Structures are given as C-alpha cells and as structure tokens.
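The same subunit A turns up in both complexes below, where it pairs with subunit B and then with subunit C.
So, the complex of A and B:
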C-alpha cells in the first residue's frame, strides 16, 4: 500500500501530499529574472548565429538580389522556387541525384565502416589507442585539402595510376569517367568522414553493459547473437545520432567536391551545395542561392526528424514487447 | 500545445520577423556621390590581385615598390579570399570590405555600378582596347595591354617526325595534322586540360572561325539574330570527331592545366591551345625542342589567318566606395601608363602593348608576330562589358561544363541544344 492509499484510508491529508508554501511574489520574479539573465547570452548567440541568418536566407529566397548592399533586393515571390522546380537549363535536378547518392550511400557505408572499426578498437590497448588516432586523423584535415590530396593521387597522371600503369599497363579513370568519378568522390568522402562516427561508436560501446554481454555469453550466445541481442539494442541511440549527423554532413558536401573534381567531368559530381556555392553565389544570384539553401534546410530537417521518429517508434515497440 | 510553448514559438517568430524587417530596411547603398580623386596622394590602399604561378605575391610587391617609394603610399597586395578574384570581389562588396583597386576582372552588370568612372582621366583614354571595353562611352576598367587568346603552340620536332611540313590553315588540314601526329605515336596530339581550361581552350580554337562566319557574333546572339548553340555547333562537331578518333581522351579533361603544360614541355603533346601567358611558362621552363605557334584554322584558306581572340591584359578597376580615391587612381595610372611598370607586368604574364616592346623572351616574340599578322582583334564570349557582352552571367563555367560532355559521349547536337537552353533560361532572369 502506498503512502497515498494510507492517507485516503486514514481520512486525513498525508504530509507527503502537502504542497509547499508558495514563495513570495518578489522572490519568484527575482528567480525568473535570474533564470532569464543566465539564458540571455545563449539566446543572443543562438538568435545572432542561427535565427537571423536563416531569416535573411528565407527573405532573400523570395527576392532577386545580387548580394551587393548598395543594390536593393527586388521582391519576386516564388520565382526562385519555381525556377528550381522547373529547372529550365537542366542543371539543378542532376545535382539532386548526385547529392542523394552521396548522402544515402555515403552515410550507410560511413556508419558501417565506423561501427566495424569501433568493434575492433573498443578494447583498451596501446595498439588500439594508436589505431583510433590513425583512424580519426583524416577528419582533422581540411576537406579541401583532402580533395586536392586525393586528386593528386587518383588523377590520370597521379601516383596511384602511375603504379597501376607500371603494373598492368593501363590506368583506371578515377576522375575522368562520370560514373567512376562519382564512386571515387563517395569513397574519398567516406575516408574523410568516418573518424567522427568511429569516436561516437567507441563512446557508445563503452556504455553497453559488460555484465549483460558476459551473462549472454555464459548462456551460450555466439558473438553474433551477443551483438544482435545485447550490443546493438544498447547502441541504437548512438547509431541514430551517428546516422543523422553523417547524413546532414553529406547533404552539404562541397569542399571535397571542389578539391577533387570541381564538379566534373561535365556535371557528373556537382552536388546541391556545389550548385549553391560555386554556381548561384558565384554568379551573384543570392536570391536563387538562398532558395536552394532553404530547400536544403527543409530536406535536412525532414530527414532528421523522420529518422528520429522511426527510432522512437522502434524504441516504443521494443518497450511494449518487453 | 501549452501556453508556454505558444509563448516560446511566438517569441522566435517575432525575432525572425524582426530580422527580416531589418534585412528589408537595411540594404541602403549609402551616398551616390563618387569619391573625389583630387585629394592628397598618400596613406594605405588595398589591391586585390590574381595570384598564379606567374603572378606571385612577391612579383606584385616588386611591381608596386617604385610607386610606393615615389608617393609614400602603402600598397597592400591581397590575393582572392575565394576561388578567384571574380568570386571574391562581390563577396567583399557584400561584406563592406571591398579593396580600393581590383585587378584581373571586368565589371559585370552587378558590379559596374560599384566601380569608379575613369572617363575623365586622360591617361585612361590612352590605354589599350579602351573603346572595346567601355560601356556607353564610360570607362570603368583599364588595362596594360592586349593578351592573345587564339594561340596554338606546337612541338616542331613532333610535327617534323609526323611529316607535317607546314602548319595547318584549314580544318581539313588540321584534322590531317592530328591524324599524322597520332600515327607517328604522339601520346597526345592535341592537349586539352580540366576545369576552366577546357572551355577556354575550345573557345580559343574557335575565335577566328566564329568571327569570320559571324562578325560581332555576341551582338547577333543578344539581338536574337543568331542562336548561341548554333554558333558553337561546328566547334562541338570538330571536338567530338577528335574524341572519336582518339586525338584527345577523357583523361585530358581530368588533367589540370599545369600538368598538361608540363606534358607539352616534356614533349608528349603535339598542339597545345592556350593564351599568350603560356609564353611566360615556356620561358621559365624552356623545352628541349623548338616551339612554334600558329593561328587556329578556318574553313577558307584564303581568309587565313582569321581574327585573333584577344582580351585586355591585367584589367584594373577602382571601387567607388574607396576612401582614398586619389591614391587608388594614382596607382592605376602608374600601373597602366608607366613604361617600366608595363614591361615588368609583361615579364610577369606575357602581353603586347602597341608602341612598346614587351617581348621579354623568344616565345612572347613568336606570339607578338602572330598577333601582328591577325587582321583584327576580337573579344571572347565571356566579355562582360561593352557592346559585345553576352547578356548572361557565368558563360565560361557553363560552357566548360557542357563542352566536357563531348568527351563523355554526348553528341555535338545535344551540347549545342543544351547551351541554347541555358542561354534562354539565364537571359530571361
């Protein structure tokens, strides 16, 4: 019987249910003011760095504007969005496909590789510590440098093709064939990206109960069964975060593209972010570029919330079963 | 939704609305009055310049040193903050931190109102190609000389080994020369390069024929008398046939211009289309073989050589928001008028200047002779000011993107059609 039940039976109000006396009004106002004062710096930074720039972008997306302060934006309504959807010069829709390929394939492979390596490197040892540093190292490099580095290695006259030609007498069109160039780009992005996901998974694995894993093993579970029924469920929140962050990062792929292929050959590796930064902004089409950026934000938000909603639904289903 | 949430979202919406309102009201251009150039020369001025293998920071500093010594002006040389000066200048304008002097680019429809009118300066009226680059009689950009675009550098040894006695004058002869080079085992009969170079090289080859077929073709396209895609269709057909015959391969358009130039210098390339500035590269790394130059071919041999594609060398503009207009104007006057400064710039990035010997090496001498033999100088399609400007932005990058697809299997007709579609879409903006 709970305390509440006891109170009801006893016919009098339990001390546990007695509401504490309200503090005086001046004290409540003071506390609220103090809370507000502590929140204000973060709020100012958030508004200054997030709300205002996004507000600008949304506003400019409805204008024709070249970004030069002395020339005023001209309100054009939905013209920029209409142009994006109509794509009269057939230049934007192909970049959507490229971006989708990079984001979907890239984020899945990045997470698979990072998780596999995290499982290998999770135990503490001197070798694993060195391994973690080496695996994280590509992420320390600027994405632009990564692009130029791999261009030098994979170009038609690069070091790798030089070795291949010396061995087999022919080269691989890593950057000159449109399909191969896209796969090369995805590969380089994965190489540069997985370090962060690796750190997330190693941190996530350290929260998995060693007792549970040990108990499963004692009960006769194989390594695969332990991973599937113990480790993976505990790692699910980490996987969700890692998937969302990698997906968002790959949706914005630009620097590596610039350094590695500059969008070529032709338009084979032009991403949506490349269209925004290297085409629309470069031609002073700030209004169109902002409309493209706003759509990117919307797509990123829909994907993020969808993945998190699916995660919550899966968690709710698991709790219901248990 | 709780009232608390309502308040929170309401607050955010209010902030966003305030930001938008601020934006709408905040883009005032300031004073319409141009800055005075009658003030005292002195202080500090910033000059945004192109930085390349030829145009190094050190060479720029050396170039302006005599001016600094004579006037006491401190000239701060700045490289592009973005990919190029063309990309950096509008971004710096937007940030309110534009440099006083801008080198290497021309005004566009967007930036023209932001640069100083130089029409009243006598020295500006005496600069090369000033009429070609003036807009409605107004001079807002001046340069030091003329840079030849339509130059085909060739390896004389490879030509001799292939049995080519004379440089080709017609397209048929050009195709035959490429076939002879390929048959004699030349690795790359004609050297195209990646990124910006593909489109520029294609246009360089086409300038003479295009201007023979349609003089002032940009004006014809702008007025609707001619179609942009049709203007370039024969060129696309030539390139497509060279790709089919293996004279140029897809690897070429993934090879940067520096590497392709090194291949030419190493003797692996038969013909290399490039502007006069390549003469400076050749002079700094002279090949072991003899280099020759010739003008691109024409349909009709009797019209050969055709008009030479040419651009204003090292264009300079002054930002009309500068607070030190007198010093900026003095610097630009020095750069485009002082003979020593002009020769120094010719040594940095080869060009020619009428009435002045700017041939600083044997290769620039060859280019100079080629220019002298041309019946006229014509401007390329990416010209952004003057009567011969196409009414679109971003012509060169788009042209490069489309022309590269010829190496990827697209047909000449498709590329021409896509170029026309792009032009119509951009023009209607």
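So, the complex of A and C:
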C-alpha cells in the first residue's frame, strides 16, 4: 500500500527502505496489463456464459420469441411480465405458491432439523461420525435420482404403500392426491437437503467458545439457557449462511420434481423452475421463460441480500462474543 | 448428575439411531429390490428371499442401451475432471491478481464474480443455449464443459482469493525479486500452498458436475451420443417409472460408486463443504 502511495506522490525514486526496488514506469504499465491478462480467461468464460446470458434473458423477457433461429424476437414491452402477474390462463400462480411453500417450509424445517441434529452430533466419536454420514448421504446423490427413488417407494404400488396396505388395508395417495403430493415433495426435498446445513452447523458449533459455555454452566445456567444465551448468538453467522444456502437451493428445485412427480398430479407440484424449463421453454415460449427466469434471479438476490442485511447486527454480535 | 447425563446420552443415541435407520430405509429397499422380480417387489418390499434372489434385472440394467453404464461413468468422470481443470486453471491467476492488487478496481471485479453465485445454473441455461448456438458450441462437449465451468468460477474464485489473501506476501515478493516471472510465481509458489482450498473447490465442483442433470440434458440434447449418469438414468427410467424391475437395478448401478466414494472420503468431503461455506 505504502509503496503505491509514495510512487504516486514522490516521483520515481523513493528512499530505498522497502526491499522491492521500484520498477520503471513502462514496467508498471506492463504489470497492470499483465494483471488484466491474468483475469481475462476467467472473465471471458464467466461473462460469455453467465453474464451475457443474463443480458439475453433480460432482452428476451421483453419480447415474444419462439426460439427458432430463422425468426427474430418481436418486442412486446412488459407483456410477459404482466402475463406472469395477471396469469390469464391461471397456469403460473400455482407454481409460485408451490415454490413459496417449498422455500418457506423447507428452509424452516431444514434449518431446525439440521441445527437440532448438529447439537446431538457435534462431539467427535465413532457413533457421531456414522451418524453424520447417514444424515448427509442423500446429498451426494443427484436430485433426479432422489426423485426417482422416492417415486418408486411412494407410488400407489410402491414399497411403502405396499406395507401400509398390508397392515391397515388402505393406501396413502402420497403422489396421486394433489394436496398430499405437495407435502410429499416438500418432505423428500427436506430429506435430501438438510445434510448440507447439518455439516455447516457442526462446523459452526466448533467455533463456539467452549470456555464461555463452561463458564455459563458453572454459573448455574441450564442447558437451554446456555444454548439461548451463549451458543445461539455465537452461531449467528452460521445460521445466516445456512439459511441463505438452503433458500437458494430450495428456490430452484427442478430435478427432484422431474423424478418424483413430473409436476403432477395436474400442476400440483410444478415449481417455478419446472415452469421455466418444462413448460415455457419446452413449449418454445422463450420470451416468457426468460421473464420467469429474470424474476426468479431477482427474487433470489433480493431475499439473500435482505437476509444478510437483516442479520448483520446478529453476525456482528457473534464476532464480539468470540 | 452422572446418572442424568448417562440417561440423556442414552436418549440421544436412541433417537439418533431411530432417525438414522429411517434415513437408511430407502437405500435398503432400493438395494434389496434390485434383486427381485416385479411380483416379489410388490408383495414383500422389505425382505429378500435368498432362494429367489436374482441378478437377472441388474444384468438387464447393465446392458441397457438407454443407460450405457460404463460409457456414462467414463463420460461423467471426464466432465468432472474437465470442468475442474478449466475452472481451477482460470480461477487461480485471476484470484491471485484480485487478492494481491490493492485498490478499488479489483474489489469491484471480485464483487462482479461473486454476483454469479446467486444465479442458479439451470435457470440461466435457457438464454445460455442461444449464446452457445451463436458461437457454434451448442450440442458439443466443449460447450457443455465451458458452461459448467462458468457456473463454478464465481465460487471457486471467491474462496481462492480469500485464501491467497491469508498467504504471506513476502513469499511471492521474494521469488519476484529473484527474477521469477509472475506466472511462475503463481504456479510454482502460490498454487502449491493452496492445496487445501483447491481440494475444497475440487470436491464441491466435482459433486455438482457429477449430479448435474439439466445442463447435459439441454446442451447435449436427449438423443446425444454421450450420456452422463443422470441423463442415462433419466432415459432408462422416466418412461418405465412403475416398472420396478427397471427402476431399482438402474438406480443401484447409478448410486453405488458415488456412495462408496462418499463413505471412503466422508471426512474430506464434509469438511470441504464446511470450509467452503465458511470462507464463502
């Protein structure tokens, strides 16, 4: 820092206190060019295949376009967006509700379960290692495969209904009743997701000061009080990260839906991502698909940044403790 | 005191055991039913009679033309390696420059990359297809690898630049004075010190590439010559989803290796995930 500052103020030769000799001007310009060159490959790939597509998405979202190369997109202004909000054929609002239900219920349950299990599994022991592996393993399976697996287990003739029928005499319409199917989907998503947050909470618990917990206990605090006043405040940054990561992955649920219900019965389990990929895009409504995609990205960004902003005080408090 | 602690630990172990078994039941049903004909699966899904167990359906799934097992594995492995090589190779020098150059410009560059972490890959895929078409990479393996790498770069670069900031500057300055070029400093001095964080990035990127379904399905197309494990499973299972003689053996073939890898490397994978998130 100082090297740069003196260079700007004091001309070409500063007192030779610092070991690296000041490079001549041409070399500094060369250095800056080199800096640029080193970021270039990453920038080209990232801009070309992530940033420009976002630009395309924004542009197409204002057009009517069927994606056929010989035809060009036709400017329609805000039509796609008003269509999403008014939903004249009432096909999209249900997927908004489905996605909201998955995101809200899912992130609450995932974080509650993950935190509870993290508290039970935080100590190092062979039993706990096995426990962590068992709780986490669904996450290493692809979401599509998780969907297919549960589809085979919960279908009308699946293994679980076979057992229920054998013992009670009737079956549960896990996947065939629209209302039940949504709960089934949420349950399966939670089953596959919470392991990630569990690992985050276990890592977070390791940073909580053991002396502070011990001191509180010696002062006569109960377990609940220790958790409430010591552990939980210290976990604040972990909670923020776990909440944001779970929310982001729940908002884009698609593969698991494809495997489990394929959006059905009817449109009862169609998520917003399913709407984009398997309905709008599959029916060549590129403009509409892009408007839906832009909306999802905006919502995801607003949610993540507001959570992080709201949690800033709690996060700062945690730093003060540790 | 001691007694209550022991009871509470017993309750803890019991509760965790019940839940753990519940977590494993789906896997158990999947494994045993891969060795049974449809009739047996429907009648007694929880038991396996060794007398009637057969590998017939596993063999059929192994020889399926929809999901060519060996080919799909090799192709998925290729994708995992290629995406990691590309995203790590371009992220290291960029992260080095961002971490080591003071000033606003590279701070903004970092934020620009970080913003990409909030863009879900499968959501941005629709417009990406038009970009890939425009540059002639649609339907090609390089196109797929570049797109998947692009989705990995923001996170990889972010954790790399955070890590390089913690490395002492004196190391690379000393090498620079000795006349080593910048590129040499990055790859022979800084990169070897980054082993733990590179491993973290590798694990997380490998997991996401291995399990990605939408990108290969849409970029290569459903009728593509090469299938990944996920697109292969989709082709083999989606139209036969109530034919459990097909579903269970196919899924078993698709998950066994990744589960074995996971169990062997569980500590590494889970700490990688945790440290990635803490740095992120």
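Please note the rule applied: the second predicted complex is superposed on the first by the 263 of 322 C-alpha atoms of A that agree within 3 Å, B and C clash if a C-alpha of one lies under 4 Å from a C-alpha of the other, contacts with A are read in each partner's own complex, and residues count from 1 in each chain.
Basically, a residue touches a chain if its C-beta (ideal position, glycine included) is under 8 Å from a C-beta of that chain, and two chains touch if they have at least 3 such contacts.
On a predicted model such as this, the values are computed, not experimentally measured, just so you know.
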Practice problem: Answer with first, second, both or neither: which of subunit B and subunit C does A:171 touch in the superposed model? | Solution: first
Quiz item: Which partner, subunit B or subunit C, is in contact with more residues of subunit A?
Solution: C
Quiz item: Touch check for A:187: first (subunit B), second (subunit C), both, or neither?
Solution: neither
Quiz item: Is A:132 contacted by the first partner subunit B, the second partner subunit C, both or neither?
Solution: second
Quiz item: Where does A:266 make contact in the superposed view: on subunit B (first), on subunit C (second), on both, or on neither?
Solution: first
Exercise. Tell me which partner A:283 touches in the superposition: subunit B (first), subunit C (second), both or neither.
Key: first
Quiz item: Taking the superposition as given, does A:200 touch the first partner, subunit B, the second, subunit C, both, or neither?
Solution: second
Practice problem: Pick one for A:69: touches subunit B only (first), subunit C only (second), both, or neither. | Solution: both
Quiz item: After lining up the shared chain so the two structures overlap, which partner does A:233 touch, if you call subunit B first and subunit C second: first, second, both or neither?
Solution: neither
Quiz item: subunit A residues touched by both subunit B and subunit C?
Solution: 51-52, 54, 56, 60, 67, 69, 155, 157, 258, 262, 281
Quiz item: Which part of subunit A faces subunit C closely enough to touch in the complex?
Solution: 1, 4, 19-20, 31, 34-35, 38-39, 41-43, 45-46, 48-54, 56-57, 60, 67, 69, 117, 120-121, 127, 129-138, 140-145, 148-153, 155, 157-160, 162-163, 191, 196, 199-200, 202-204, 241, 245, 248, 251-252, 254-255, 258, 262, 273, 276-277, 281, 286, 289-290, 293, 296-297, 300-301, 304
Quiz item: Residues of subunit A touching subunit B in their complex?
Solution: 47, 51-52, 54-56, 58-60, 64, 66-73, 83, 88-91, 155-157, 171, 173, 175-178, 181, 258, 261-268, 270, 278-279, 281-285
Quiz item: Which of the residues in subunit B end up touching subunit A in this complex?
Solution: 12, 15-17, 19-20, 22-24, 27-30, 83, 86-87, 90-91, 93-94, 96, 108, 110-111, 113-114, 194-195, 249-256, 259, 263, 393-394, 397-398, 401-402, 404-405, 407-408, 410, 418, 421-422, 424-426, 429
Practice problem: Would you tell me which residues of subunit C are touching subunit A in their complex? | Solution: 12-13, 15-16, 19-20, 23-24, 26-27, 29-30, 33, 41-46, 86, 89-91, 93-94, 96-98, 101-103, 106, 109, 113, 116, 118-120, 122-128, 130-133, 135, 146-147, 149-151, 153-154, 157, 173, 176-177, 182, 186, 207, 210-214, 218, 229-230, 233-234, 237-238, 241-242, 244, 247-248, 251, 254-255, 258-259, 262-263, 266-267, 269-271, 273-275, 277-278, 280
